[in-house]
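Structure below; questions to follow.
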Amino acid sequence: MSFSNNLKENVIRSAGVDPKKCMKCGKCTATCPNGNEMEYKPHQFVYMVEKGDIEPLMNTDSIYKCLSCFACVERCPRGVEPAKFIEAVRVAKIRKQGENHLKADMIPDLLDEDLPQQAIVTAFRKYSK
Amino acid sequence: MQEVMKNKAKELLASGEVRAVIGWKKGEFCYDITPAVFTNAEEIDNGFIYDDFCGANLSKYLIKEAHKDGKVLVFLKPCDTYSFNQLLSEHRINREKVYVVGVSCDGKVDIEKIKRTVGDGIIALSSDGDKISVETLYDKYEINRADALAERCVNCKSKKHVAYDELLGDEGEVLDSKRFDEVEMIENMTADERFEFWRNELSRCIRCNACRNVCPACSCEKCIFDNDNSGYVNKAPVTSFEENMFHIIRAFHVAGRCTDCGECSRVCPQGIPLHLLNRKFIKDINTLYGDYQAGEDPEARGPLTSYTEKDPEPSVVTDKE
Amino acid sequence: MVKISFEKLNSLFEKISEKYDLFVPTKKNDGQSYFEKWEQGKTVSDDLNTVRSAKDFFFPQHEDIVSFKLDGKNIEITDERREVRPFVMFGVRACDVRSFSILDKVFLSEPVDTFYKAKREKGIVISLACQKPSETCFCTTFGIDPTEPEGDIRAWKGNDCYYLEGVTEKGNALLSELSLEECDRTEVDAQIENTKKILDRLPLGKLDTDSFGGDKLKELFDSEKWASLSESCLGCGTCTFVCPTCQCYDIKDFETGHGVKRYRCWDSCMYSDFTKMAHGNPRLTQLERFRQRFMHKLVYFPANNSGEFGCVGCGRCLNKCPISMNIVKVMKTLKGEN
Amino acid sequence: MQVNEFKPKIVAFCCNWCSYAGADLAGTNRLNYPADVKIIRVPCSCRVNPLFVLRAFQRGADGVIICGCHPGDCHYTTGNYYARRRMTLLFSMLDYLGIEKERTRVEWVSAAEGAKFAATMNDFVATVTKLGENKRLEDLRCKK
Amino acid sequence: MQRIGVFVCHCGTNIAGTVDVKAVAEAMKYENGVVFSTDYQYMCSEAGQNIIKDAIKEHKLTGIVVCSCSPRMHEATFRKAAQSVGLNPYMVEIANIREQCSWIHKDMATGTEKAIILARTAVAKVHLNAPLTSGETPVVKRALVIGGGIAGIQTALDIADAGFPVDIVEKLPTIGGKMSQIDKTFPTLDCAACILTPKMVDAAQNENIKIYSYSEVSGVKGFVGNFEVTIKRKARFVDETKCTGCGLCTEKCPQKRVPNEFNLGMDQRRAIYIPFAQAVPKIATIDADYCTMLKTGKCGVCSKVCTAGAIDYTQKDEFITEKYGAIVVATGFNPIKLDKYDEYAYSQSKDVITSLEFERLTNAAGPTAGKLLRPSDGKHPHKIVFVQCVGSRDTRECGKSYCSKICCMYTAKHAMLTREKYPDTEVYVFYIDVRTPGKNFDEFYRRAVEEYGVHYIKGMVGKVIPEGDKLIVRASDLISNEQLTIDADLVVLAAAIEPDKTARPLATMLTASMDTNDFFTEAHPKLRPVESPTAGIFLSGACQGPKDIPETVAQASAAAAKVIGLLVKDKMKNNACVAHSDENMCNGCSNCAKVCAYNAISYVDKEFRMPDRTTRVRRVAVVNDAVCQGCGACTVTCPSGAMDLKGFSNKQIMAEVDAICK
């Protein structure tokens, strides 16, 4: 997979959803079980990605506060799916650091049969270059 | 069977129940049978025949005959009964004026196939179960009956009589035929191969109209291709376009109405496998809109005069890989 | 008489092809034979006859006559006649060869059909004697000898060679160009004798034309048998289009979008729009149309052509009619034999 | 730029109520699509006879597109449902005969979809241009 | 041979900017049959039309082509102009060189070339045009209104006032619709019943209005001016002519446990009931699903107490057929079902209610006699959370992608009224946007905030969790960028509204089109907003789209005006472009009739002379010109080509194809 230099485009592409569909209702944040712990709340992720304000998102620990519970994905009335942006920012950050927390060949041993497909795919996306 | 049929015909003529009998009349040789109308016992005794070569579908003659006064008896083979039903559903035949006697059929023999094996000069033929003995001016042959069966009989779709007033023999059953195999084979070719295939076939067309005139579904009062005023009048295959046009439109006009009786291919003097066009439509209709056999039920609504909201879009064709 | 061995046939054909378009009967993948332009690799079919008759060469199914182009108020007229390359037809059977002389009577008598004439002049016919006639053959009824066919050159197929004999000036000229090996008639004579024995056994060999001809017009026209004969006729044109002697055509205009192309194409008296005129159609029912076809061949044609019948007994209609109705059945029925 | 660039001839049958209005809207919004597309107004997509489609190819068209109301929105309630079946079968037959299936298309364009109309036409013209001249269903008599 | 005139319009620079109009006019002069060709600044102007009229007279034109804007714009104009000088209007064809040419091409050469082809195509068509005349059919001077809500009532009243008889078909036992369930109306806070019930009574008493309550439309045949409608009168087991509406039966009926739909199931009624006190007609109805007598044959209490002898347990559904000239659809709306919205706990807690339920809770005739009490325990709620956009603007399967339009205002109303009556109650409104376009609407909303202290919070509720007797509301406040948790006593959901479920089958019967949300489509979104594209079918109220009461009433009166405009005519001009069958070619196969959506094709047995001079009776198709709408479905189904369409004939379309491909 080749990445262009445009961070915003990369994040949107890896998220696979369209931030412009957001009507700014805030239901994602309302529904987020960990929202109050986050510096940037789910709806802000969507808004800021759209604005191209990715750097602050990459540097906040909010990306690790997201539990990937997908409540926001489930309840978003417009199909924007904020968790996917948070995930995309996380991936962007990892890639930018250029250092993997795990080596790719370590993954097979860690695979658990009950692991959700989403997590496996996410892992591959994170750890592949 | 032939004797039973003759007796039935004579009986109904004698009783005045029917004024005429539509059947098959023996010819000059042992295979050139002609559809004929018999009006008395003598004609039946002299000419009536029912054998391996009585392939002609008699249902279309009813359009003309059933307009005359009185009732007419017709002998229909299973596949002919589908055509009969289809004509009924299109109001082309007055049911009250027809007495249908269903006759069983164990497949008809294609004389062309025999000739291809034994050559010219056939002077005698006799069928004995699985074998056919042929005597020509030059030699004697014995061939498997199965090898001489017409294509439409090899791939017979149904031996079931779907319309009759009286049956001579069993009602029969719908068969599980392989009639779409050849269509599928063509579908699996590349577009270029298909084009080549059909150019090779259709370029032989001489526009004799035999396929159209024998077809029970092609029973228009005036065919658009004969109608000077239609804008499509097309008398000779002057260009490849006209060859294609005639056959595409003919197949389209009978789509959903064609019972796959196979008469078109039987009569084509140029040996063009016209049934493969009609079967393509039947196969598509079955796949896209659900199984439909024209003529099975005279009350059914044809696939091109009905629809569902969920029908596939034309893009299933135009966008397919 | 000259001969050419089978091995050398190809080089002979090659040689002919240098100056002429050469057509030979070839088997197609539908199992039937057609006249096709010869090229390397094509072999001569052994079939008794081709599906379509040889008349196509002189009287094709359709040919352009003239075209019109409208430009403002001007009409531009172009003769669409194409220059015909000299051609040779190899392997034409006796019946088809005879059909040419029947067509000649129609197209070459005044007013001469120049389209036909041009092709006829450019064509050289190499006929081929029959050895294995079919049950549907009845050319002898019309005085045709299939063992010694007419044509510009006649040929026999021997065991390992073809025998050729010039008949006409045109034919002899071509033969001399080809400089083939001279030979005697021994094998040919033996073959003719043998074939004649078979001809005697043909089921239709005894068919005669006694009851037909120009003088039988009224009696035959009024026969009540036409009704049952035509009863199951589909009104298609198969018999007409495979017939070597049917010569009727229609003239049609095709609007191309930038002009009109006028062409002629075969017509069939079996068709409901045959000879349709402004007032309508002179033959309104299939009975009348059916009768026309056979009356033409058996009565009207001989009446106008010193007794020659408009049929050559090739048997194509016997093979091809979808309902197996044909001139033999018609003749026998009218004679009261059926 | 090539001098003899191939310009396809495209016939578009548009139903009066939806697609023709959609084409009008494309015009009103100044949405460009190639001039190769010429529209014939028909009351409903169900008025389009397969004969018209073949006729267009005979006369030199390189592509034929039929546009109608979206299924369920037909002005005549059911017309486009019939058109859908007819055209599906026709296209399938053309494909079966080895004639390029990309030369024909059915597209549902509502009166509000001017942008879709223009986009569809752009796409269709591009597809047909790529295919080049219609050879397989041409009638040589109609060529200039 | 036609004598054709071609008129090329500049449309100012709209056309002339990218099409060389003079070149087009010049090129047309050489087209076959064209005897006159010119161009002009604005053909649709009076001067332009005069050019056309003069040319028709002077050059004895038999057909004209106007190269101008879309025929959808000015075809009628030019047809009228032609007709005024004696040329049949159907001898006019339009070449659309504006919308489909000059406006989409930027380059003069391209535009001109295409314009010439389009003009040529129109000329080719005109060659084959034939004068058409439309037939006439008498108009039945009676209207049908389907739905007896405020929309239907208003439409019926207006039509009746103009002197035409009108019938209302209402599926419930009473007319009144949703408005009868509403307590107060925004922004004036009038009592809904006070303004609605007089209209209901007017409708009942108007001589020109006949109300078929507890009835449904079960079949529609015919066409504009001549509809034949079958109405199913459901058995109510009470003789309408005898029942006096005294209500005694509804008190004595022993079956007391029937959920009362008028109060949205928040209380109970009897098996025999009158929906509410002001019901029109005020007639009792037996609910067959609950009536012991009808179910078991034992009881008969109502029959015993009825002094009028109106109870009739043997009553059956009855079908009547009536003729109408016009039909108005006023089938209204319903709030969507909220069972898919688990997060709001609507199915889990009785104290999560919809706004319509809230209306009943505050209505004096409601289950709590107008006191705002919690449905679960009957206590006063002290903290109420209103949630807007529940299901509206929601693109998921369970929601509606559109804005329901009325929720912002009624929520403001609810919030305001709550604060007014119960000042000790905290009221929160969660909103995405507050949409208040309307006279005095925004002022109303601001009053709720400024005068009544309603807490408007921009953000959405994410989850409602019932906990003890509280409802924990988890929400976001987007302005302060924080998550909120409110322990509410009552949660009110502003559910999206959707068209009534009966609308879809009705649309099929009427052959009226609908959008994907099942709202009826209007003939033109701006210029013909109260007509369906199907002639003679009109739209009133929320069946066409979400509407508040004033808008509904406005549209209802507009629809009535359209109906009156139709009914005052004695005769209707039929569509001239109809199908026609050539009986000489017709096979009588019936396929055309099968695809006809209008039952316009029938068959007759006709005697024909055969070529052999005998006669034969053949079945042939006959098209009813008055019913045919001219779609052409039959023409393609017909294999012999016997069926053709006037104005869009096979030959005309082929001539167009040929001209384009030339």
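By letter and in written order, the chains are A, B, C, D and E; residue numbering begins at 1 in each of them.
In the analysis below, contacts are C-beta pairs under 8 Å (C-beta built on N, C-alpha and C of every residue); 3 or more make two chains touch, one makes a residue touch a chain.
Since the model is a prediction, treat every value here as computed from it, not as a measurement.
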Average the C-alpha coordinates of each chain, average all protein C-alpha coordinates together, and give the chain whose average is closest to the overall one. D
For the chain pairs C-E and B-D, which is connected through the larger number of C-beta pairs in contact? B-D
So how far apart, in whole Å, are subunit A and subunit C when each is placed at the average of its C-alpha atoms? 83
Give, as an integer number of Å, the spacing between the C-alpha centres of subunit D and subunit C. 47
Between subunit E and subunit A, distance of the C-alpha-averaged centres to the nearest whole Å: 45
Taking each chain's centre as the mean of its CA atoms, how far is subunit B from subunit C in angstrom? 30
Residues of subunit E touching 2+ other chains? 595, 637, 650, 654, 658, 661-662
Multi-chain contacts in subunit B, i.e. residues touching at least two other chains, fall at 224, 238, 304-305
Residues of subunit C that touch at least two other chains are 254, 257-258
Touching pairs of chains, which are they? A-E, B-C, B-D, B-E, C-D, C-E, D-E
Hey, which residues of subunit B end up touching subunit D in the complex? 186-187, 189, 191-199, 224, 232, 238-239, 241-242, 244-245, 248-249, 251-252, 255, 277, 280-281, 284-285, 288-289, 303-305, 307-309, 311-318, 320
Residue positions on subunit C within touch of subunit B in the complex are 28-32, 34, 48, 51-52, 61-62, 132-136, 198, 201-204, 228, 231-232, 234-238, 240-242, 250, 252, 254, 263, 265-268, 271-273, 318, 320, 322-326, 328-329, 332
In the complex, go through subunit E and note every residue touching subunit B. 584-591, 594-595, 603, 616-619, 637, 639-642, 650-651, 654
Mind pulling up the subunit E residues that touch subunit C in the complex? 30, 32, 611-613, 658, 661-662
Within their complex, subunit C touches subunit D through residues 254, 256-258, 261
